[in-house]
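Everything on this sheet refers to the single structure shown next.
Chain nomenclature is as follows: A, B, C and D, assigned in order of appearance, with residue numbering initiated at 1 for each chain independently.
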Amino acid sequence: MNSAIPFSAQLINLFAAVILLLAFAMLAQRRVLALINLFALQGLTLCLATLVAAVTTGQSHLYYSAGLTLTLKVLVLPWILHRLVRKLNVKGEVEALINIPTTMLAGIVLVMIAFNVALPISELSHTITRGTLGIALAVVMLAFLMMITRQKAITQVVGFLSMENGLFLAATSATYGMPMVVELGIALDVLVGVIILGVFFFQIRDQFDSLDIHHMERLKDN
Amino acid sequence: MISISGLLGQAFAILLALVLAPLLSGWVGQCRAWFQSRTAPPLLLPYYMLQKLFRKDVVLAHGASSLFRVAPFVIFGCMVLACAIIPSLSTDLPLAPAADALALVGVFGLARVFISLAAMDVGTSFGSLGGRREMLIGFLAEPALLMVIFTLAMTAQSTSVATIVETLAHRELVIYPSLAFAGIAFTFVSFAENARVPVDNPATHLELTMIHEAMILEYSGRHLALIEWAASLKLYAYSCLGLALFFPWGIAPGDNFLALVAAIPLLLLKLAIGGFLLAGIETVNAKMRIFRAPEFLGTAFMLAVLGLLVRLLLESKV
Amino acid sequence: MTSLLPIDILLIAACAWLAVGLLGLVAPRNTRFISKTLFPLGAAIGMVAGFVALDSLGGPAQTAVLVIGLPDLPFHLRLDNLSAVFVLLLGFVSVGISIFAAGYFRKGEGTAPGLLCLEYHVFLASMLMVLLADDAYAFMVAWETMALSSFFLVTTDHRHEEIRRAGFLYLLIAHVGAIAILLSFGVMTGGAGDYSFAGMRAQELSPFWASVAFLLALAGFGAKAGLVPLHVWLPEAHPAAPSPVSAMMSGVMLKTAIYGLLRVSFDLLHTTIWWWGVVALTVGLITALFGVLYSTVQNDMKRLLAYSSIENIGLIAVGIGLTLIFHAYRMEGLAALAMTAVLYHCLAHSAFKSLLFLCTGSVLHATKERSLGKLGGLIHRMPWVAWLALAGVIASAGLPPLSGFVSEWLLLQSFLFSPGLPHPWLNMVVPVAAALVVLVAALAGFAMVKFYAIIFLGQMREPGLKDAHDAGTWEKVGLAWLALITLLLGILPSTVISRIDAATRQLLGAGLGDKLHEQGWWMLAPISPERASYEPMIFLVTIAATLLLGRWLVRHLYHGRVRRTAAWDCGYYFQGPRAQDTAEGFSQPIRRIFEPMFRMERHFPTARDAQPYYSVKVEDHFWHWLYLPVANAVGRVSTLIVALQGGRIAVYLMYSFITLLVLLLVARP
Amino acid sequence: MDFFVLMLAIPLVSGALLTVVGERAWAPNLNIIASLGTFLAAVGLTVEIVANGPRFAFGEQFFIDSLNVFFVALTAFVGLTTSIFSGPYMKNEAEHGRLTMPRLRLYKSMYQLFMFTMLAALTTNNLGILWVAMEAATLTTVLLVSLYRTPASLEAAWKYFILCGVGIAQALFGTILLYFAAERVLGESGNALLWTHLIDVKGQLEPNIMALSFIFLLVGYGTKVGLAPLHNWLPDAHAEGPTPVSAVLSGLLLNVALYAILRCKVLADGAIPGAFAGKLMMGFGLFTLLVAAFFLSRQKDVKRMFAYSSIEHMGLITFAFGMGGPVANFAGLLHMTMHSLTKSAIFFAVGHATQKTGTQLMENIRGLIRINPLIGWGLMLGTLAILGMPPFGVFASEFMILTHAMKHYPWATPVLLLGLGVAFAAIFGKVQPMVFGETEAKRLPHAPAITPVFLHLGIVLMLGLYIPPYLTRWFHEAARMLG
C-alpha cells in the first residue's frame, strides 16, 4: 500500500504532519512573538501543501487559494499582529491557565480522537490527500485547546487564526479547495475580523490597561 | 291528599305544643327542685312569667337595631314550625312534607343563627360571648344529630320524620342495636341544644358559665317572652322528636280519631317521665367547662357513627 | 329573527361585551359615561344572555364554527345544556354585578375607569367563550384570556405591594393550572391529534390514560376553582380585587372551573372509574373543611369570604365525587341526584357569594375599611346593605329557606343512598363523610355569623364609622337583584331543577325531571314524597305567618310600647365598643379546638409588658408544606445552573469544545 | 428594477453612504428611509415569489423560495420598525452623553450593513456564501455591541466575537465536510455547495460524513442561535449593546442562524436514516429551554433577562424543528415569527423604560405604567405575549408545539412544561413590579416611538386569533419544504 502512494501525496502528508507539529509547538509556546512566528510558519506550510496539491491536480483555483493563503496568513496577518504587539506593548510571557505538559497530554488525546473521528471519512475520499483530513481536524482541535488554555486576548486570536489554518487544510486535503467565491469570502471575513480585532485591542487596553482576559470576567450570573 | 281532619290534627298539634311547652319547662323545673330538696316553684310558673313579660314594656338598648326586634318572632316562628312537623300525636301532618329531618336541622340552625345575631346586636361583651358559644355548640352538635338521623333514615328508607316514625312504630318488634347508640347520641345532642346541664345551665346567671342566658340578657318585655316561649318549644320539640323516634308507640297513624285521642294521655305520660329523667340527669351532673363541650359532643358523634356502622354491618339485610 | 339561533345571539352578546369594553377606551377618564352608560349596557347584555340560555335549556345542542382560530383548528363553538346552565348563571349574576359596578366605580382608583371597563367586559366575554368553546384551542384561548383579564382587574390598585404579589400568585397558579388542562386535553385526544371536543368524545381511552386525563383535569380546574392545595391564590386575590371583581371571580369564574371539570369528566371522557369519585370526594372534603376553618379565623372581611368560597367549591367537588361514584356503578338516578346538587350549588353559590362580596364593596366604600376589627354597627347606617347581606349570609350558612340549603339538602340526600354502593369500603365510609359535610355547613354558619355580626351588628368599633352612608341606588338595585335570585333559588327549587335537569340528563342520561313534574311546583321530592321532601315555600310561609300573626296578636292583646335606654349587660359599667368580641376573639373557640389545623403565631401579654397586647396570626400550612419547598427547590437548581455563566471566556470555550467532543464521540446516526 | 437586487443593494449602498454622511442631521431619516426601501423591496419580492414561485438570482448563487422569502419579509419588517424605534432612542442616548456623533454614524452604517448580511444569508443558495454572510453578520454587530465603550460592553463584545468566531469556524468545518460529501456525488462542478443541487441528490450523500458534518454545523450555527451550553455570549451581548441592537440580535440574527441550521437539516435528513438530525436538535432544544428557564429566575438586568428568554424560545423552536413533520415545522416557523415580533417589541419597550429610569437594574425600575402608560402596557402585554398567554400568537405556536410533542414525544412534554412554567414564574414575577407600582416620573427630551411596539403586538395578537389563509398556505409551503 505504502508504495502506492504517489510522491506528491507523500509530500502533502508530510506538510500536514508539519502543520500538526507546528500546532503542538504553538500549544507549548509561551512567548507571544514566537507564537505569531509559528503561526506564520504554519501558514507557509499550508501554502506549500496547497501548492503541491495544485501542481498535482492542475486545478487552477488551488493556485489562487495558495496565493491567498500566502498573502493573508503568511504576510498580512502576522504583520498586523506584530504591529499590534509592538504598539500595545504586550509583554513576552504568556500565562497559561493549565500548565504546558498537561496541555500537551490533552493535545495528544485530542489527536487520537480526531484521527478516529476522521477515519471512516478518509476511507471514502478519492483524493490523494485523504489522510490529511484527520490531521486537519486535529489542528482545529488543538487550536481550540489553545484558545481555552491561554490568558491573553492576543493569543486567543492567534489560536483562532490557527483554527482557520486547520480549516483550510481540511478544505484543501479533502476536497481540493472550496469554490473560489467562497474562499474569497472567507478570506475577506478573516481579514476584516482581524482588523476589527485590532481596533478592539486598543479599546480593551484603553479600558483595562491590559490585554489579559481575566479582566473580562465581570459579566456573569453567579 | 290533605284532608280536613289532617288540617285539624295539624292545628291541634301546634296548639298543643304552644300550650304544653311552658308546662314541660315548668315540670322540669319542679322536678329539679324536688331532686335538689328545694321548695318547688309553681308548676304553672312559666305561664305567669309569659303573661308578666307580655304586659311589660319593651326596654331596648340604644344600640339595638331592627334585627334585634325581628329576631324573637323569627325564632318563635322557627320553633312553631319545628313543633308542627314533629309528630307528637299523629303522623298525619299536612305540614310534614314541608321539611324532612334534614330540613328540621336547618330550622333549628336558622333559629340559632338569629339568636346569635341578636345576641351580638347590642354590642355588649356578654352578648357576643354568648353568641360565639352558641355557634360553637351548634357546629359541634349538628354533625352528631345528622348521623343519628342518617341511622334512622336508613332504617326507614326515608328522611321524612313522619315516615320514619310510622315505620318504627308499626313494625314488628325487631331489636335494632343501632337505635340504642343513636338514642344515646340523640340524648347528648338534646342536652347541648337545649342549654341544659352539663353543657349549659338554664338557671344560672353567673356570667362566665352561661351560654343561652348570656345571649338574651338585653331582651325584655314581649321579646323576652317570645324567646322564653321559643326555648320551651324547642325543649318540647326535642322531647317529642326523641319520643317519636325511639319510643314511637302510641302515636296515631293517619286520621284515626280514636287513636289520636288515646295518644294525648300517652304523650303527657311520656313527656312527664322524660322531664323527670331530664331533671334527674341535670341534678346528678355538674356543668362542664366550655371546652369540655367538644369532648361531650364528640362522644355523641362517635356514638352516632357507631350506630350508623352497626346499622350498616348488622342490619343492612333487614 | 327566527334565523338567529341562541348560539348566534350568545356570540353576538360576547362581541357586544367586547364592544362595550372597547367603548370604554374612547373616553377612558369619563367616569360618568362609563359607569352610567356602559356598565348598565353590559348588564343588559348579561340579561339577554341569561334569558337566551334559559330559553335554550332542554333544546338540542347547537354548534358553530368561526373563521378565527388556528388554520387546522378554527374556533368550534357549541351550546348544549351543560353550557346553557352555566351561561344562565353567568348572564344573570353578571346583571347584578354590572349594575352594582355602575354605582361602584365612581372615580378611578389606580386604573383609569375606561381601562377597567375594558378589562371587566373582556373578562365577561371570555367567560362566555369558555362556556361555549368546543375545541381545546378555543377553550384555552378563552380560558387564559379570562385569567389575564381578571389578573388585570385584580391588580387595579397596583400601587400596593401585597396586591401585586396577590396578582402574581394568581396568574402563576392559573397558568400552571392551564398547563395541566392543556395536558389533559392532549391525553384525551388519544394521539389522534384532533383537538376539537367532538374528536375527544370519539376517542376510547384505556382506563390508565382516562385516569391520567381526569387527574390532570382535576388538578388544572382545581387550581382555578381553589381546591386544596392549589387554593392559596384565592384568599390573596379576592381581597386585592375591587369588590365587583371579587364578586365576579368568586361567583362566576370559579364556576367555569367546575364547568370544565364536569365537561371533561362526564362529557369528554366516556369511562368513569369509581376511585376518581373517591379522589374528588376526598379532595373536596379536605377543601371544604379547610376552607371553612380558615374562613372562621379571618380578620379581613373579603378574605373570610374568599375562604368561604373555597369551602363551597369543596362542597361542589364532594358532589362531583359522589356523582362520579354513582355514575361509575351505573346508578344513574342517584348520580343525577348528586349532579343536581352540584349544579344547584353552583347557581346558589354564585348568587349569594357575589351578593356578599358586593356588600363588602359597599361597606368598603362607606368606611374605607376591610378589617373586621375596625367595623361594627353598620346596620344603623347602612340598613339596605345590611338586610340584603342577611339574605346572603343565611344562604351561605346553608340554612332554609334560602338557596344554599337546597343544594346542601340535595347533597345530603344523595349521601343517604351511598350505602347502596356495591363496594364494601365505600358504602361504609361515604356516609360518614356526610357528617363532615354537615360539620362544614355548621362551621359555615359560624363564619357567617361572625362576618355579619361583626360588620353590621354591635357597636361601631371606630368613631369614623358614624359617617358611613348607605349604598347608592345602582348598588342597591344590584344587591337586590342578587338577593332576589338567592330567594327564588331558595323557594322555587323544583321549578329551577326542572329547567337545569336537561344538563343532568345530557351528562348522565338520567334526570330528576319526570318525578318533579308529577309533584307540585312547591314541592321538592327528588325520589318520592315518602322518602324525602322539602317545601321551602310552605316553610317560608309558615314562619312568616307565625311571625306576622304573632306580632299582630301580641300588639292586639297587649301593646307595642318600647322604651330606649342604655344596654344592661349584667350591670357592667364599661360598655364601650372595645368590650365587644373582636374578630379574633369570636373565632377563639375554633382556633382552640382545631389548633393543629392552623399555623399560628401568637403573642401573649406578660405581666412585665409596658404595653401589653395580644396578637394572633394564622398562616396557611400549605405555604410551608408545598409552596416554599417548591420555590426553594427551583432556587437551588437555579443556583446550580447559573454557575454555567461564570464569566470566564476560557470556560465558555471549554463548554463549546466539550459539547463538540461529546457529540463527535457519542452521536452516531 | 429587480426587487431582489434592490433589496440587497439598498442596505449595502446606504450602509456605505452612511459611513460618509452619517453625522448629518438627516442621517437618522436616511436610515429609516433605507429600511423602508428595503422593506418595500422585500414586500415586492414576496409578492413576486408568491405569484410566480421560486426563482434564482445572480446565476444560481441566490435562490428565493417560499421558505426564505418568509424570513426575508420578517427581517425587513423588523428592520424597518427597529430603525423607526432607534431614531428617538439614539437621540436620547446622545443627549445623555452616552454616545458621540461618530459612534452614531458607526451605528447607522453598521445597522444597514448588518441588514445586508442577514438578507444575503437568507437568500443565498450557496452554503459557503451562507457561512460568509453569517460571519459577516457577526463582524458587523460586534462593534455595535461595544458601541458604548464601557468595560462591560467591551467584555461582552469580546466574548461575542471569540465565541461566535470559534463557533462559526466549526460551521465552516461542517460546510467543508458537506462539500466533501457532495463533491462525490455532484463532481467538481462548483455546484456542490448549491442548495438547489444538493437537495436533489440528498439521498445519495454519504450518511457518515453527513452526520459528522451536521454535528459541526449544529455546534457552529447553534452557537449563534444560542443553544445551551453554547449560549454564553448571548446574554452579555444583548445586555450591553444599545437596545435597537439587542432587538435585532434577538429578533433577527438568532432566526437567521436557525435558518442556516434548518437548511442543513433538510440535507442531513435526506442523507441520514433515523432522524439523526432531528434527535440532536430536540436534545439541544430541550436542554436549552430548561437551562434558560432556570437562568431566568436569577436575573437582575432587564435586558439580560429577556436575552435569556430569547435563548429559551430558541430552544423551543429548535425542539419544534427537531420533531419535524408539517405540523411541527409549521409551529416552529410560526413561533419564530411570533418570537421575533414580540421580543423586538419588548426590547423597544424596555429600551424606553431603561432610558426613562436611567438603569437596567430591574429592582430600580418601578411604576412604568405611571411614567408612561403606553410603555408600561407595551412591556406588560409584550411580556405576557412572550410567556405564551393567549390570545397572543405565541400561545398558538406553543399550543401546536406542545400538542405535537404530546402526540409523538410524550416524554418531552413534562420537560417542556417545566421549562415554560419556571420561565413564566421568573419573568412575570420580575416584570410585574416594574410595570406596576409607584415611581417618580421623568420626562425625556425626545418622545419615544411607541408605534413599533403596538404594531408588533397588534400583529401578534391578530395571529393568535386568526392566521389569514394566504399566510397559512405560505407557512404550509415552507413547512413542507423542511420535510
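Note that a contact is a pair of C-beta atoms (placed from the backbone, for glycine too) under 8 Å apart; a residue touches a chain by one contact, two chains touch by 3 or more.
None of the values given here were measured: they were computed from a predicted structure.
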| item | value |
| --- | --- |
| Furthest chain, CA centroid comparison against chain A | B |
| Pair of chains ranked first by number of touching C-beta pairs | B-C |
| Whole-Å gap between the CA centroids of chain A and chain B | 101 |
| Centre distance in Å when chain B and chain D are each reduced to the mean of their C-alpha atoms | 78 |
| Inter-chain centre distance, chain A versus chain D - centres from mean C-alpha coordinates, in Å | 31 |
| Between chain A and chain C, centroid-to-centroid distance (C-alpha), Å | 69 |
| Contacts with two or more other chains, residues of chain D listed in rising order | 158-159, 162, 166, 170, 208, 212, 235, 295, 298 |
| Sites on chain A at which at least two other chains make contact | 117, 144, 147, 156, 213, 216-219, 221-222 |
| In chain B, residues with contacts to at least two other chains | none |
| Chain contact topology (line, ring, star, complete or other) | other |
| Complete list of chain pairs which touch one another | A-C, A-D, B-C, C-D |
| Sites on chain A touched by chain D in the complex | 59, 117, 120-121, 124-126, 133, 137, 140, 144, 147, 153, 156, 160, 163-164, 167, 170-171, 174-176, 178-179, 181-182, 185-186, 188-189, 192-193, 196-197, 199-200, 203-204, 207-208, 213, 215-219, 221-222 |
| Residue ranges of chain D in contact with chain A within the complex | 61, 126, 128-129, 131-132, 135-136, 139, 142-143, 146, 149-152, 154-159, 161-162, 165-166, 169-170, 172-173, 175-177, 179-180, 183-184, 188, 190, 192-193, 206, 208-209, 212, 235-236, 239-240, 295, 298-299 |
| Chain C - residues contacting chain B, complex | 376-377, 379-380, 383, 386, 390, 393-394, 397-400, 405, 409, 412-413, 415-416, 419, 427-428, 431-432, 434-436, 438-439, 441-443, 445-446, 448-449, 452-454, 457-459, 523, 525, 529-535, 538-539, 542-547, 550-551, 554, 557-559, 561-570, 572, 575, 577, 579-581, 585-586, 588-590, 592-593 |
| Touching residues on chain A, where the partner in the complex is chain C | 97, 113, 117, 141, 144-145, 147-151, 156, 213-214, 216-222 |
| Complex contact set, residues of chain B against chain C | 54-55, 57-67, 70, 73-74, 76-78, 80-81, 84, 95, 97-100, 102-103, 105-107, 109-110, 112-113, 116-117, 120-129, 131-133, 135-136, 138-140, 142-144, 146-147, 150, 153-154, 157-160, 163, 205, 207, 217-218, 221-222, 226, 290-291, 294, 301, 304-305, 308-309, 312, 316 |
